[in-house]
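Going in written order, the chains are labelled A, B and C, and every chain counts its residues from 1.
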Amino acid sequence: MKLELRNITKRFGTLVANDNISLTLEPGEIHSLLGENGAGKSTLMNVLYGLLQPDAGEILIDDKPVKFSGPGDAMASGIGMVHQHFMLIPVFTVAENVVLGNEPTSKLGRLDLGAARKLVKEISDRFGFDIDPDALIRDLPVGSQQRVEIIKALARDAKALVLDEPTAVLTPQETDELMEIMRGLAKSGTSIIFITHKLREVQQVADRITVIRQGKVVASPSPKASASELASLMVGRDVDLEAKHKPAKIGKASLVIKDLTVLDDRNHQMVNGVSFEVHDGEVLAIAGVQGNGQTELAEAILGIRKVHSGSILVSGNDVTKSTVRQVLESGLGYIPEDRKKDGLVSEFTIAENLMLDGSFTPPFAKGIQIDFAKRNEIAKDLIQRFDIRTQSAETLAKQLSGGNQQKVVVARELGRELKVLVASQPTRGVDVGSVEFIHEQMIAARDSGKAVLIISTELDEVLALADRIAVMYRGKIVGIVDAKTSREKLGKMMAGIAA
Amino acid sequence: MSKKVKALPAADSQANSVLREIMAGDPVRIGLSILLGFIIGGIFMIVFSEDVVDSWSNFGADPNYAFSAVWWSIQDGYGALFYGSIYNFNADDFISGIRPLTETLRFAAPLIMAGLGVALTFRVGLFNIGATGQIMVGLAGATFVSTRLELPQILHMLVAVLAAVLAAAVWGIIVGILKARFGAHEVIVTIMMNYVATALFTFFLREPAFLLEANGGGTPKSDKPADTARLGALLGESFNLHYGLIIAALSVVAYWWLMERSTFGFRFRMVGHNPTAAKAAGIKVENTFIWALAISAGFSGLAAANQGLSISGGLTTSIEAGIGFDAITVALLGGSRAGGVVLAGLLFGAFKAGASSMQVAGVSPEVLGVVKALIVLFIAAPPIIRAIYRLPKPGPKMIEAMQKAEKVSK
Amino acid sequence: MSKVEVTPGLFSQAEVKPSLKATIAMALISLVVLFSFGIFGKAGDVRFVWSEKREVIQLPDLTVNSMLFCTVIASLLIALTLLSVVFNRMKKLTPIWLTCLFGFFAIMALLAWLATGAAQGVQMIFILSNTIVLAIPLILGGMAGIMSERVGVVNIAIEGQLLTGAFVSSVVGTMTGNLYVGMVAAMVAAALVSMVLASLAIKYLVEQIIVGVLLNVLVIGITNFLHSAWVDKDRVNLNFPGTFEKIPIPLLSDIPIVGQTLFDNRITVYLMFLIVPTLWFILFRTKLGLRARAVGEHPLAADTVGINVARTRFWWVTLGGMVAGLGGAALTIGNVGSFGREMSAGQGFIALAVVILGRWQPIYVTLGALLFGFTIILRVWANQVSPGIPVDFITMVPYLVTLIAVAGFAGKVRPPAASGQPYVKG
């Protein structure tokens, strides 16, 4: 099947998510759609899949224009989609998920699960997936869930398959397996649109590449293009985030993690015997692919997640079993990876958000009353010092841009007396200008003698900030290395190969 | 995959925005809601007025009469409501003329107190329908003190009020613990606790060892509260209004201070808006739920004291008078804010006060139940009111304007 | 370079012990039965009456010593408790059948203890048939609850739908002189209430719990008004429908115990027999049900496979309203014979509790509703056989059971994942 998107434009209010985008997918080819987070890739695919209606432009299949008013139409035309967040129902079985919306029935509208099982088995065997049709989705590992998604699409006779950031949640090994699967599918005649922002993967499988930036197609480089070539096309400037800063003046170890083991909500052991120290005046960055236990590690340090075993010391005090409030009051600042969920109350004003974790003690509290005069004074000061662009301290947090919201979080945490700063993904979803500002603040914190722990999945960010780099893989620290370590070597470590 | 599958972040924030719209409660929309509620209530009165039906069945004979009958049915109904709840122009003197207003205040007081309780939990993000049960146990506490203990004047009353508050708070804490420690949904828990409380109170009223009146018969009924424990008349004996109004006024101030000025209120609101962020800010969300439910129940306990200590005879479960359930509508109409709850309580108090004079005027006061439900429904469901009055939809435009403002400031 | 050993962590589960809460509750109840009803129970005999005089086949009464009977039951209960411990040791949850059996035995002991020495004995037919009749509104209300919560809409308005059904069936039944017309009208009217809820919740994204509560207030207001301003002024012509005839099913109704309780009933009861298994079948065995559950678990996923989330939700909630309307009709023309002010008296809320108690499964929900129906009749009956017993505590039992259940003492209760969450298309 030949698929063509012609001059697609999609706006959300004033934001133009897709600006006149065209691309073609030939039968049996893997077409890589490369772009940064927020470049408009997912919007484009939602248009293709009928989840969104384009404001202009058209979709052609085998040179005939088609119109999709919903995913049902897209599927009927042979387009299958594997979403970034799986569209699987955790309490249903594999077979039920695969046939949902397209159910084989026998008499009385009775669901024919036998036929569904056979279908799953057949496809699963054809591509060597090894999936049990009767397993509940929630019991399957992420990689297998993704295969169920692929089976789901194939069961609907998908001729063109869209894979939206399929490797974001996979381990390197699973990623390699997925690449194999993609090649197998392409060989059997299925066309694939492969959306990603990871260069290595593009180089590995793509037959054709389209780079999108800020909603526009910026280039269609050859699949043989080098990584740095692709990267600069994607980011739009020569990637050089290496910050120039003074050498670290290392002091005593203020954050000490010893043999830490942490479980996730489903009792999976996500952090597995991790030990490291962060010294005053240095930045230790934890690198690694998302989902290798970094989130749980950060949550355990703050105390919002229970420590299974091991210990955490903040400037000599054991805070392993402390409450979050005790940890914060022991001099630890925390920038969460998801500011909207954990860092801000979007219905609160900036002034209120700046006192979020300070409501128990002066200067914000005067006895059991809020000291409004002090609060406003501090808010004014922090807004100025941290360059938060707003009309007033009474603006609601949700009305700010992502960058300014993050600055509110950073201002709050760095605005009080700290010994240790733990920052998770400190610049995720933040505009370039704010990234630089926030990085400067992190370095300033280091230079003023604080112990700074940065957890980031962006290797560039890690390299820009770190004095030492610890790489995390499957819940363990693969190794702690010097900041001058080559990207290549770090990449290997992120795939679990020790130095 | 995570255990809780969220529909979509967009869906979440949009649902929140609806809730916010209710909470924000802009005056125009509230005014229109109230107007529309009264209009529809009026239609009910017209359609079921015997005069109107008679006159319209003889429309040909006297069309003028038919139309005036429509007008009179409304005037009878809402006129009686006004005379019964605000000022009676037919009264002989000012004292009896102003009496209806004092009755409105008397009926409004417990609605306001219980309404504040429900409002508090709304702002912590809990949907508490448990005021009924909390009032029941509060009544049990107050009545035990007022009928079974002998204490000096005033002190007796204070102890009785305290007993009501504590008993109700215990009831709230149980809900809090079931919610916080066991993850039970507060809606279902509070509904069940209401029934348990009602049964428990009935049991106390049945038992001579607890509350059953001396020389009591088979019906569950208590003695009348001791004079020393009663809430005295506020404006002299010619009015029914009692010191409960003062307690209500103090509650309003306390609520305002708690929610807007104190650090507790700040944390309550934080948990209500974003519990995960609150957790990361060092707040024990579970404990906050328990505290909020305890304090909320305490307000309901005040409403219970108001009911149990103002009655001149013995009391039965009917003394609760639907206040616990009305409190939900009061809190919703009042946007969960102190001032709003006062106004909403006054409106519904007026409905209660005016009921008897509507009855006398031959209009079923039950129509006010319809009006009340409609008003709050319109307020809680802004799309209805917008559709009916063709109001512009807040949303993209406002947000755009805000974004512009932000850009300008850069 | 060496490959780091793959830790078992990511894809293996740390051991979780199944909770002992249910077992502990069972142990406590067993001890209460053993000591309060058995060893230190009431001296005297208890007579179990299995048949009513009018029946063709008469079973002999069973008279036993109360303390002995309860002690025997208590030992059975203890045995079941031990079995539950065994399940726990095997890291399995206590199965539902065990809980049900346990409940049945415990109830027999309670009945025996209450009726010790009473002349009329334990009238099984009276108790069982009343249990069913009284449970009908709860069961049907519960089915309505399942139908809307399974698609992700919380329906607090069941109370209002029951009341609507009760009012409309009575008035329309009287006015037309045809109870079947009244019944259909009740279902239509209650479905309209559901439609208001559905459109506000689904299309306008208004907080579902709030709309539900307010619809209840509205229906109470309207029925109270119509009752006082209209219906009550001419009761004979507006609110005097009587009840459906009982239809004994030939042969089946002659079976001892079962016949009188199950097969000599009104149409409302038979409809319930039909609706519960049908709903179960549709939900768990057909594509309609699979889609409905998908919508309630993960609406976005359902949308991406071409299921219309809004439409699915709307129709399930609306049909649920019809079922609740039938439940309301069962209150008037299926039992009492006329409409009374606020006669649903919170049964819609109890239906909600029963839905949770029964874990959103039609069959279990029905069992839960029967428990509530049983306590209603038990209160009446206990007062007759054993005057002076604190009936208020009997009243409390089902509510306490519900509280215990929602607090997780009877295993983890997991509602449909998207229940109460509006769905907005991206």
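In this text, a residue touches a chain if its C-beta (ideal position, glycine included) is under 8 Å from a C-beta of that chain, and two chains touch if they have at least 3 such contacts.
Values in this document were obtained by computation on a predicted structure and should not be read as measured data.
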Worksheet item: Centre-to-centre on C-alpha atoms, which chain is most distant from subunit C?
Response: A
Fill in: Chain pair bearing the highest count of C-beta contacts
B-C
Fill in: Centre-to-centre distance between subunit B and subunit A (centres being mean Cα positions), rounded to whole Å
46
Worksheet item: Hey, how far is the Cα centre of subunit B from the one of subunit C, in Å?
Response: 30
Worksheet item: Touching two or more other chains, which residues of subunit A qualify?
Response: 86, 88, 90, 266
Discussion item. Touching at least two other chains at once: which residues of subunit B meet that condition?
Written reply: 5
Response to the item:
By the touch definition above, subunit C meets two or more other chains at residues 297-298, 300, 417, 426
Practice prompt. Note which residues of subunit B are touching subunit C in the complex, please.
Written response: 4-8, 10-12, 14-15, 18-19, 22, 44, 48, 127, 129, 178, 182-185, 187-189, 191-193, 195-196, 199-200, 202-203, 206, 325, 328-329, 332, 363-364, 366-374, 376-377, 380-384
Practice prompt. Would you tell me which residues of subunit A are touching subunit B in their complex?
Written response: 13-14, 86, 88, 90, 137-138, 145, 265-266, 302, 304, 323-329, 334, 336, 341-348, 352, 355-357, 359-360, 364-365, 368-370, 389-391, 395, 399-401
Worksheet entry | Residues of subunit A defined as touching subunit C within the complex | 46, 49, 51-52, 70-73, 75, 81, 83, 86-92, 96, 100-103, 105, 108-111, 141, 152, 171, 263, 266-272, 293, 308, 473-476, 478, 492, 496-499
Practice prompt. Provide the residue numbers of subunit C that touch subunit B in the complex, in ascending order.
Written response: 156, 200, 203-207, 209-211, 213-215, 217-218, 220-222, 224-230, 297-300, 346, 349, 352-353, 356, 390, 392-393, 395-396, 399-400, 402-403, 406-408, 417-418, 421-424, 426
Practice prompt. Over in the complex, which subunit C residues touch subunit A? Could you list them?
Written response: 1-4, 6-16, 285-291, 293-294, 297-298, 300-308, 414, 417, 425-426
